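Next, two complexes with subunit A in common: one pairs it with subunit B, the other with subunit C.
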Partner chain A sequence: MNNKENKNNKEYQKLVKEASPDSPIFKNCLKAFFSGGLICCIGQFLMNIFSTYGLVADSRNMLVSVILIGLASLLTGLGWYSKIGKFCGAGSVVPITGFSNSVTAPAIEYKKEGFVLGLGAKIFTVAGPVILYGTLASIVVGIIYYFVG
Partner chain B sequence: MAKKTGMRSVRFEKSVCIKSVSSVAGTKESEGPLKDCFDISVNDNLYGEDSWEKAEAKFAGRAMEEAVRKGALTFGDIDYILAGDLQNQTTASCYAAAKLDNSFFGLYGACSTFGEGLSLGAALIDGGWGKNVLCEASSHFCAAEKQFRFPLELGNQRPQTSTWTVTGSGAAVLCGEGNYPRITGITTGRIVDAGITDANNMGAAMAPAAADIILNHFRDFSSGPQDYDRIFTGDLGYVGREILLKLLSEKGCHIEEIHRDCGILIYDRDKQDTHSGGSGCACSALVFSAIYKKLIEGEYKKVLLIPTGALMSPVSVQQGESIMGICHLVMIEKR
Partner chain C sequence: MDYIKAFVVGGGICVLGQILIDKTKLTSARILVLFVVLGCLLGGLGWYDKLVDFAGAGATVPLPGFGNLLAKGVKAEVDRYGFSGALTGGLKSASGGITAAIVFAFLAAVIFKPKEK
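Coming up: the complex of A and B.
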């Protein structure tokens, strides 16, 4: 069998699929649901505390984000967030804490290559696409809102 | 007389002996089922250095020193060093060899590098190019993750088909005479493109290359599974092993009983959470210490060591190209 035949070999792809165990999707979904929910509850809990101290909505929202981002960054530095992430999956990736982790992790990893070409250039290797397409999406939504809203 | 046997193999006329073998294992490997087989167990994956890359170079250097020492030699007796690893420009091997004064061949065969080194080293000895040749291969989990996948502290989940890059280094000194296990033949693999584009399923990318080389070997040497005590593949893992056995049985070749995979042997899947098994250049290089021990003790008389490599480039994978496989088969017999 030559390489050209191999490449289009549907049978081989089928064989690989059979031999490759799937991730436990149901279990992972449950874990992600509850752990992601827990992170959101922590955020809500902080929010409620801040409202009892009479903070206005804008400052409250910002403060909760800052605290969650700072906390996730700290946990990443301590080496705990990767362990949390292994258990929680999407539950700890989707909330703002996951975003924080995706910025801090490359910062730690590429620090060794210097603060400019290492840390500086590579800090957004994981989060970069989220920032770019997030911004683009917000522009599109903004335009639609301008005409529809 | 032609040494070439069949299409892809060489039978060595002169004796090519494996004088000594060394292994320097990382933390996770030193906690695995083969922990007692390693010469040096390092419980610090940075190995006292300040980067993963430098740590791997130290693993490589220590393995070279240990192999030379166990062979009762000095580096002055070594005519060539053949070494490789997974880092870009095979830096771990180069930095390790930079501290030495020996002629150096840098090799890249992904995780098949140790087999490539033994094959070429044996050819050098057989060809009379030198008296002693040092073959070495290393890999490092953290350096590999950084280069090929994601930053270490990123909180993501690894798929069930993924393998765990072995941290450590293994080396062997080949020489022309002595009462040691011998390399009696080699079969050199070809690049096999099985159309796999999933960088988390290396076993599937390599299994067709392994099946190809095994069938070629049997044909070239007119042999079969019954002629060997064990056939060790490098790092197919659980997924790759299953595919390999299926591919071979389709061709009427059954090696289930005697086949072992170094990637399966090196970790305890349930306790060490390594999913499909171990991988990396150091996988077969470290496990070879255990195999060598059993050859010396006489438990094995004739084995095949087949380090398997997935030639994965992050750039090509991102461009949608498939991951190719390569294997290097070394036939080893007890003297």
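Coming up: the complex of A and C.
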């Protein structure tokens, strides 16, 4: 029974694939390329400005990230980021603005469930995994670096 | 010229993400995790910094750049404090980004109402 269901499911998936209009993947990639590239250019613009004020690379890059994060938060609050995101696809997910959006959106949505277990907990819905696995990866890098140099 | 490099490299990294979304049905949360971890590992090998030197914001603004920051931080702390640096370096270097993200998110949540879908 289970097998048969699986088979039917597979055939159905195949039918769906054939019936779908020609794969939009190329179009999606173009959109992601231009929107993602544009966000990086905004970052480059900010970077160049801060460079003229003589900031060192690390604090300059940090400031650029903070500004982009703030802008994305604001756009998310206004409800625009999800609209932009529908067009941009990965172009709005992969830049640091996408991280900011994924922190802000659940915070706003779950505010009604309270400031502690609503906003406070759900703010880490995506940030939590990113911080967890990023930290784990950094520890691995740190230990290997300690022994290998 | 630096704008062209930032545009092409940053756009290219986003195309990788788009291909993963379209081909593997990975959710965007998984893409975020994957890219940060990848950036951290590439940063550990010292490769990502070469991309940063070449593309500037095109490499630092996408999420692998955030992962690279973790790797750079952990290496600097190991250099300074030895083995314990492996525990403290990552979050230390990422603290600016994480703090900004949660503070702005909190402010936005206080100010804005959820949008009806």
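Things worth noting here:
As a working rule, the second predicted complex is superposed on the first by the 125 of 149 C-alpha atoms of A that agree within 3 Å, B and C clash if a C-alpha of one lies under 4 Å from a C-alpha of the other, contacts with A are read in each partner's own complex, and residues count from 1 in each chain.
Criterion: a contact is a pair of C-beta atoms (placed from the backbone, for glycine too) under 8 Å apart; a residue touches a chain by one contact, two chains touch by 3 or more.
Quick caveat: nothing in here was measured; it's all calculated off a predicted structure.
Applying the stated contact rule after C-alpha superposition, one finds that A:Tyr12 touches subunit B and leaves subunit C untouched. In the overlay built on the shared chain, the residue A:Thr76 is in contact with subunit B and with subunit C. When both complexes are overlaid on chain A, the residue A:Ile131 reaches subunit C alone and has no touch with subunit B.
Legend: residue contacts after superposition of the two complexes on their common chain; A:Lys112 is shown touching both subunit B and subunit C.
Once the two complexes are laid over each other on the shared chain, residue contacts for A:Val103 go to subunit C alone; subunit B is not touched. In the superposed model, A:Gly89 lies in contact with both subunit B and subunit C.
Touched residues of subunit A, counted separately for subunit B and subunit C, are more numerous for C. On subunit A, the surface touched by subunit B in one complex and the surface touched by subunit C in the other have residues 23, 28, 76-77, 79, 89, 93, 98, 102, 104, 108-109, 112, 125-126 in common. By the touch criterion stated above, subunit A contacts subunit C in their complex at residues 23-25, 28-29, 31-41, 43-48, 61-62, 64-66, 68-70, 73-74, 76-79, 89-91, 93-96, 98-100, 102-104, 107-109, 111-112, 119, 123, 125-127, 129-131, 133-146. The residues of subunit B lying in touch with subunit A in their complex are 50-51, 146, 150-161, 191-196, 201, 204, 208, 239, 242-243, 246-247, 322.
Subunit A meets subunit B in the complex at residues 3, 6-9, 12-13, 15-16, 19-23, 28, 76-77, 79, 81-86, 88-89, 92-93, 98, 101-102, 104-106, 108-110, 112, 125-126. Across the complex, subunit A is touched by residues 2-3, 6-23, 28-29, 31-33, 35-37, 40-41, 43-44, 55-58, 60-63, 65-67, 69-71, 73-75, 77-78, 82-83, 85-87, 89-91, 94, 96-98, 100-102, 104-115 of subunit C.
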